[in-house]
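Quick heads-up: structures coming right below.
One chain, chain A, links the two complexes that follow: it is found with chain B in the first and with chain C in the second.
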Partner chain A sequence: MGDLGWIFISALLINNFVLAYFLGLCPFLGVSGKLETSFRLGMATVFVMVITALCAWILNTYVLIYAPYLRLISFIVVIASVVQFIEMVIKKLSPALFRSLGIFLPLITTNCAILGLAIFATNKGYGLWEGLVYALGAGLGFTLAIVLMAGLREETELSEVPVLVKGIAFNLIISGILSMAFMGFAGLFSSS
Partner chain B sequence: MAKSQQQAYDEFIKGVWRENPVFVQVLGMCPMLAVTNSAINGIAMGLATFFVLVCSSFFVSLLKSFIPKQVRISCFIIIIATFVTVVDYTLLALVPKVHKELGAFIPLIVANCLILGRQEAFASKNTIPMAMLDAVGMASGFLLALVSLGGIREILGEGKLLGFSLFGPNFEPWVIMILPPGGFITLGLMLLFFNWVEERKKKLDAQLAAAEGGAD
Partner chain C sequence: MTQKDPKLLIQPGPQLRQEMTTPVVMRDVWYALTPATLAGIWFFGLGAFLVLLASIAGAVLVEWFFSPQEKRRYFLGDGSAILTGWLLGLTLPPALPMWMAFIGGAVAIGLGKTIWGGLGGNLFNPALVGRAFLLATFPIAMTTWTAPGDFFSIPSSVFALPLMQGEVDALTQASPLGLMKFAHKETGFFDLLFGNTSGSLGETSGLLLILGGVYLWWRRDLDWRIPVGILAAAMVFSSILFLIDPDKYPGPIFSALSGGMLLGAIYMATDPVTSPLTPKGTWIFAIGIGLLVILIRVFGGFPEGMMYAILLMNAVTPLIDRYTQPRVFGRGLDSK
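For the complex of A and B:
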């Protein structure tokens, strides 16, 4: 398997952004109530991530070599504008989706998974294609995690859970078990 | 005078306990879970967040009448990002070892929803002293949560606290606790504990009220 494939699988499963790096936990815990909504949020995140990777590469190559201390500020401004743009597009194209995503769409800006992606890609010294593949893998990994979580939450909705555990504590413990399962993927590449 | 002092005390203490950002509001989870595999990392992260939150609350509160309402979020984020850059470079210069350990999670303080949330909900609407008190309270609450989570995970996962061995050589560490799943599960159990305390308090209050009602 080529380098790009490795980067993709690694971002998707082994170093899953949510379950191994704890990035993007707010939407992961907040929007994972319904399968449908969480899938859409995941797709929106994939889109923002790919654009972010592109912007980060352009910034890194042409601007930030002259002023590395502006890295954080320029990343966040670019990400915020991209999200603003997507918000306008979604509002125009699908008002129903806009309503169902609610407050979490603008909050993609403060979704650390997005900023984390830009920073990790920079720290690892990825080029354009590697960055894009990494973004795709990370975004799909986020979607996978949030969809799994939403499915589990829908299943447990009707089961009898003690009142005290219900809510966020319960979700965290489920995520812990999910994260344990994902640790199994770490063995995927060690033998080759 | 006494009343304003009381109010100031309230603003401070609510962040530490009653509205604790982590245990009650469940904000700022990402840095919270990612760096708390030991108490010392928790302290470093907590102090960095403390500095950023207090400084940006001061500036947001100072500039609140100049910031146009439509672009306020972007303005807040730029202010926050500036201070995070300051912290990032300061840590790199003073304690490179800690900086390396925390890695990419220092820049990620920008994306901590706790900080932005306080600017939007409090600092942009209140006077400078109040905003500072609120920021100090919230940041202390966050620090407290980070240290306790980091401490618990370090004790269980390595049998140490702040690097000192606690149980001697025969202790079999639960490695899972310092790995990602341990973070989720520990925080879940801590939230559970908080729920339990709250619930108990409510029940006691109800009983007390009922008893008083009976006496009348």
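For the complex of A and C:
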């Protein structure tokens, strides 16, 4: 399997950001109540992650070679401001797209999954295309996880969950079981 | 023409009584599992029986402690806790320490069922939740397979003290799937069919598992689409791989008979609570499991993927149910 394909599958399933790295848990638990909403949040995440990979690559190649110690802070500031700017552009150009994606963009931008993506891509030494594919896989993996979670949560809305665990504890238990199920993908395609 | 004495009997509804209640179905599954279980105990000895008992004990005790008091009697009476512990026990290695099996049973009922609101509320198969927990927690003990041996010799690891690992003094042997994956050695057809190989306690005897499945189908406790769909998808996928490179990939017959394939396809994936409701959804569910099993077995890091495949498709089941809702009768073609 090609390098880019492996990077994609790895970020999508094997090292799923939510279920294997436990990054981005707050939108994962907070916005997974409804299926439609969670899917749109996932799409917004894909969008922000791809922009993040692009920003990280530009920063790493042209700016940070002169000042590597500024990496963390420059990632946060540049990614957040670029996403804010794009949000304004979308609001102006396509109100429909803004209504479906836009409200989630600021929520996602400051999330640990985004910063995690930029740092992982840098540490692994990914180039531009590898970084973009990695971001796409990670974003779609996040979408997959949150959509599955939303389906499970909608299904349990009416069941008699004990009062003791109702709410966030129960959601954490569901995500734990989901994460155990995703362990099955560990080591996929690593031998071939 | 005479009539019996109350000539007209008036009762509140329901007047029709179903014979197929939860306790009846659960007991049917007990009967179906008995031959394969006895074969497992015969091959692996009394130690396997103790492991099975420990797992059932864990399940029943947690059910008793943690289910709501007003429902406790009913939950215990319907036999589902015993069945969950039993199914979990069948998926465990025969030389597993008893305390681990006990914890597995406790987790299966506690995290797999009670917390979801009891029987019918759980979205993941409880027995497999327990097994996934055990495999993540005790990876070495859960993958130490012993060869079938003397009936009365009990491996000392079964009696390991709580929190101890225990020495396995029985003859260890890789399972057929492990042999295939790491040594490319195929186990013989008849050994797989009758169960004279290493492996989990109850998964080795293919013939008896199929027999139990036929009984369940005859009693209408089981949706035939699920086992048929799983086996068909897995065999087609592995045939394609086998045709590409017969030296590297296992053949379809081996794939269908080895590991937990039959146990999972017949007894676990068919759990009516965690599988989809519509026929179309059921096919999607079954084919998904079949493909995922072969994917994990052939390309993944684990030799066996049945448990993960079923758990993953359990997670997709709410979505499948949502998008395969049949058309409402009497409405137009475009209505859901």
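Heads up, the rule we're going with is that the second predicted complex is superposed on the first by the 170 of 192 C-alpha atoms of A that agree within 3 Å, B and C clash if a C-alpha of one lies under 4 Å from a C-alpha of the other, contacts with A are read in each partner's own complex, and residues count from 1 in each chain.
Everything below uses one rule, namely that contacts are C-beta pairs under 8 Å (C-beta built on N, C-alpha and C of every residue); 3 or more make two chains touch, one makes a residue touch a chain.
What you are looking at is a predicted structure, and each value in this text was computed from that prediction instead of being measured.
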- Query: Between chain B (first) and chain C (second), which does A:187 come into contact with in this model arrangement: first, second, both, or neither?
  - Reply: second
Quick one: is A:147 in contact with chain B, with chain C, with both, or with neither? Answer first, second, both or neither.
second
Quick check for you: in the superposed arrangement, does A:165 touch first (chain B), second (chain C), both or neither?
both
Exercise for review: Return first, second, both or neither, reflecting whether A:120 touches chain B, chain C, both chains, or no partner chain.
Suggested key: first
Answer with first, second, both or neither: which of chain B and chain C does A:157 touch in the superposed model?
-> neither
Quick one: is A:177 in contact with chain B, with chain C, with both, or with neither? Answer first, second, both or neither. both
In chain A, both chain B and chain C touch residues 165, 170, 173, 177, 180, 183
Per the touch rule, the chain B residues reaching chain A in their complex are 26-27, 29-34, 73-74, 77-78, 81-82, 84-85, 88-89, 103-104, 107-108, 110-113, 116, 176, 179-185, 187-189, 191-192, 195-196, 199
The residues of chain C that touch chain A in their complex are 68, 111-112, 114-118, 120-121, 123-124, 129, 132-133, 136, 292, 295-296, 299-302, 305, 307-309, 311-312, 314-316, 318-319, 321-322
Listed in rising order, the residues of chain A that touch chain B in the complex are 19-26, 29, 69, 71-73, 76-77, 80, 106-107, 109-112, 114-116, 119-120, 123, 164-165, 167-173, 175-177, 179-180, 183
Within their complex, chain A touches chain C through residues 35, 147-148, 151-152, 154-156, 159-162, 165, 170, 173-174, 177-178, 180-192
